[in-house]
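Both complexes shown next keep chain A, but they swap its partner, so chain B is in the first and chain C is in the second.
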Partner chain A sequence: MAVTKPTPARRARVILDTMWSSGTGRYALVVLALWALVALVSLFWTPLPLLATDGYHVWAAPSADHWLGTDGTGADVLSWLMAGSRTNLVIAGLTVIGSAALGLLLVGLMVARSTALASVSVAVVDALISIPTVLIALLLAVPFGASAAVVVGACSIAYGLNLARVARPAALLAARSQYVESARANGAGGLRVLVQHIVPNITPVLAVQLSMSAGTSVLAEAGLTYLGVGVGAGVPSWGHSLSTSVKLINVFPLTVLWPGLVVTLVVIALNLFGDALRDAGDPVANPLLREA
Partner chain B sequence: MRFLVKRLLLFAAALVGVSMLVFAALRILPGDVAVVMAGTNASASRVAELRAEFGLDRPYTVQYLDWAGGLLHGDLGMSALTGRSVAAQVGRRAAITFPLIVMSLVVALAVGLPLGCAASIARSPRLRGFLRVLAIAGGAVPALWSGLLLLLLFGRGVGLIGLFPSQGFPADGWSGDPVRAFASLILPALATGFVAAAGIMRYTRSALDDIASDGGPVDMAMACGMTRTQAMLQVGLRLATPQLVSVVGLTFASMITGVMVIENLFALPGLGALLVGDVGNRDLVAVESELFLLAAFFLILGLIVDLTHRALDPRLAAGEEE
Partner chain C sequence: MSVSVRGLKVDLGGVEIVHGVDLTIGDGERVGLIGASGSGKSMIAKALLGLLPQGASLCGGISMGDAAILGSASGEGNGGDSAPASYADERTLADLRGRYVGTVFQNPARALNPVMTVARQIALPLRLHYDLTASERAERVRAMLGKVGLSDDVLNKRPHELSGGQRQRVGIATALITSPRFIIADEPTTALDSITQRQIVDLLVSLVDDAGASMLFITHDFAVLSRATTRCYVLDEGRIVESGNTADLLAAPETAPARELVTAARRLTLHAGDTSRADEGGVAQS
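Moving on to the complex of A and B:
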């Protein structure tokens, strides 16, 4: 180990710089930073308190008092949208953690040395992958009721399976490699091989798939909340705002645009983020990272 | 042949596994089903009555075997709420949902396939960039929002140009006025179809790109005198077909959330509304059978897709014996 290893901080700096230098990467970073910022600000301040309802201005058009108008109870649309960003950030974060955990567990099983274990887990993943997220969510909603946990649970299961399937080829290649063989000869256990040798090989796939799973969790939250099995009633979320805006369609159609626009812009950013992270974090594609 | 047997065995095992999962999640997790069904302020005798009526006082294994045995005979049980047979309810609703899914898929393919080909064939960086952004942006739109936008544009009564019905489905279904029934599915199908088209577009482009960068077949076709476009469309697309079949299967599964949302938005009494309603009402017998039925549908779809993929790609059978 005579070669000096670059510090993680330095590597992160180079990766961020590279992402910033491409247009799509910059868009993703800006939108995600704004999202985090708004979520943080909404902890302390929203234009109006969430529960402040203005009975005289129900279904109001945007004005100086209500920048994005009000909904049917006279609540401020912008305030709810801001507070909702917090819920969606938590759901997206937990979904990424959950699907990464399940996905890596399944990858580990699928490339296990025991052929019986490997083929059974491949078969299970292949069979379950065709079950849609919404069915899992509906199943979970019966015992757990409508809650953010249902969204996180359903998304984690669905995208964990997806991740396992997409990452399997690269993981299998690594698992059958000579360096894994030599690590095993040196007494490395299954977990050690997975973490030290297989995970680095599937990092590009992980980057893309996990940020896509965050994006899809935002979309799933919107759909499931509208169907009544997502976050509970009265909890601010983008799905809540979007569902409320549906009722506005006959009154003030343009207000309908905002919640959907926010969701769309954020999901675009998450999809681009994964691609940009993969390109910037790959030492083969990014020469700056090799020099770092 | 060995593949077929293995795949069918897997399918059967998955069906049993899913039925057990559904049963376990609904019967064992939530505590006492009868209490849930009876409501919050029901008397103890009412709960016991319900428990006896639905046979919930028997051991879980007996309950499961009873339910699964019924499924094998096509008996999906009775809805605890309406007292009607679940099979009849599902059948009536599927007559709306199934055409809607198929129409959405047609829209998705009609839009996504040509655009995906264009994105792969296009040479100008600007056009490629535009098509890439289009694919990403299209996939990022929530189905609810695309439905709202279409309503605002073309919905009768609310839209700028009131072209299509925006709410409901004819009460007498397809038998009364098929044209009106079809018309009321147009906007919903467009709403889910456009979103799904983005996914198909992305997969088509990456499948064609892979085949083109692989050199071989496409280069050979061009050496024989085809233009690049001809070679991509006639040779590349054929080579990509097996992958695209798989993508269509995945699209089906990913579309279903959108379809349920859109059914709700357009007030279509389809399967989505039925299932969501039953979950809301805690009608466990109905939910159990309906969830299993839908899951089985997607397992069958996965089976069909795998077999078609296999049939379309002889290289897989040749390269067997891993």
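Moving on to the complex of A and C:
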């Protein structure tokens, strides 16, 4: 009987198919695909240029000229939201990479065979995790100024610490398992054990935590930009759109509604994406993946 | 590869687990280490691999072939030496593990990475120790799979899709894929049913003999030991209390721990029918 060799492409296809088969997974995939598509399109086209303002139509309701209305400067809300999706996508992506790198480094130290190193790492993570994301952002903003990099840095540090703390029990179970002992008995070193044996066995936890990090980075960007330590003035982002319109929420609620709605839909999608990926990407839980 | 353990003492957290064990395994010889649970068998196996828990302190010496892997600064651990001993550097040990020393573990359900396919699992030591192309590795994995009696169908399966016997065959294939010169089989049949136990022991013995490797077979079951080894050591509370030809020891054990293990093996396996009839008689009389 011929044996089909598993390939990353085939595995990815099975994972996507499995996610698509559930309602929540389908919602997450549609919203995230739309987000990526809009970010891509905004590179070449927005309904109006970002700097185009119409002083006669400020805080305008949705119309044929401005599909989602205008803000206090008469700028097109949809154009700014489309351009903002790009910034938020980059922030979310870099936050996932940053928090994964820091989190996995810390996980590696926290489950090290050296009990002294592991104990010190646990104590350091427990101490640092008490520092709020806003405070980290404020500290980073002092030397670097308000920028997207500050948001990414603050989120990566805060969520990386959180990831390490949440993933540690699962990683510890894997690190003390007999299959890791078996790998060491075959000559595997510490880094290889971490990458090939511990990390693949904690991917369900990582999938959920990293998707939550991406979602929370969208919320953090909005909050930090409102506080003045997020993305710089004039840089389009969903946080920027929210902060410029929130002051007059009682008078013109619609302009707040659009960025608020986008943020909410995307954060929900990211959280559901993590859950769906966890279930679809686990070869033990997903029989289709075993046949891929 | 010949293996020599001299005056090995293992201390864990201030408690001495192994008290001066001397053990030799000749080139191509199959030697057993038998003892009750908690007698220190697995600690000796871990000491041979240099994989004892952090904080363990050792005395004595271990050498494999020409390489001294554990020794004290004052010499190579000559039995009476109580000076703390240290291992060769980690690089030397890592090169030894998997390449020259293969290990078959007790519980194959736990010893195989649950998310790794059989093909990747078996190829692991090859990836670590040999610079082979993917197709060369795949070829060797298929050949090894055939030797342990598994078909290519299992290549892309994960451990939970296999039976206990199949898992242990994968474990044996992983241990033997690099043609190591010394095999440590740490209770490889304990988690298996009696029929599979026999198949696995016979498979392991034939593969080890074909490869001309030596083997340390650790077990608490004399019935299994008698099939797998020619010579054995009896371990009791961290001390070797008896050693000799396995068949002779099984026929006439001299020490109390050895007698206890032999009696248990006879009652459970060798003369189960006689024992049950004797028990029935005892009940009837009472």
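The working rule: the second predicted complex is superposed on the first by the 283 of 292 C-alpha atoms of A that agree within 3 Å, B and C clash if a C-alpha of one lies under 4 Å from a C-alpha of the other, contacts with A are read in each partner's own complex, and residues count from 1 in each chain.
Basically, a residue touches a chain if its C-beta (ideal position, glycine included) is under 8 Å from a C-beta of that chain, and two chains touch if they have at least 3 such contacts.
None of these values were measured; they are calculated from a predicted model.
Superposition note: with chain A as the common reference, chain B and chain C can be accommodated side by side. Of the two partner chains placed by the overlay, only chain C lies in contact with A:185; chain B stays clear of it. Legend: residue contacts after superposition of the two complexes on their common chain; A:284 is shown touching chain C, with no touch to chain B.
With chain A as the common frame, chain A serves as the apex of an angle whose CA-centre rays point to chain B and chain C; its value is 100 degrees, to a multiple of 10. The wider contact with chain A, measured as residues touched, comes from B rather than the other of chain B and chain C. Contact with chain C, but none with chain B, is seen for A:115 once the two complexes are overlaid on the shared chain. By the touch criterion defined above, A:197 lies against chain C but remains apart from chain B after alignment on the C-alpha atoms of chain A. Looking at the shared chain after the overlay, A:105 reaches neither chain B nor chain C. Of the two partner chains placed around the shared chain by superposition, neither chain B nor chain C is touched by A:173. Taking every C-alpha atom of chain B against every C-alpha atom of chain C, the smallest gap after superposition is 12 Å.
Chain A contributes residues 1, 3-6, 113-115, 177-179, 181-189, 192, 197, 200-201, 203, 282-284, 290 to its touches with chain C in the complex. Chain A makes touch with chain B in their complex at residues 123-124, 126-135, 138-143, 215, 219-220, 222-224, 226-229, 242-243, 245-246, 249-250, 253, 256, 259-261, 263-265, 267-268, 271-272. For chain B in complex with chain A, the touching residues are 10-11, 13-14, 17-18, 21-22, 25-26, 29-31, 136-137, 139-145, 148-149, 151-152, 158, 249, 253-254, 256-258, 260-261, 264-265, 272, 275-276, 279-280, 282, 284, 287, 291, 294-295, 298-299, 301-302. Within the complex formed with chain A, the residues of chain C that make contact are 49, 51, 54-55, 90, 94-99, 101, 103, 105-107, 110-117, 124-125, 128-129, 151-153, 155-158, 160-161, 171, 174.
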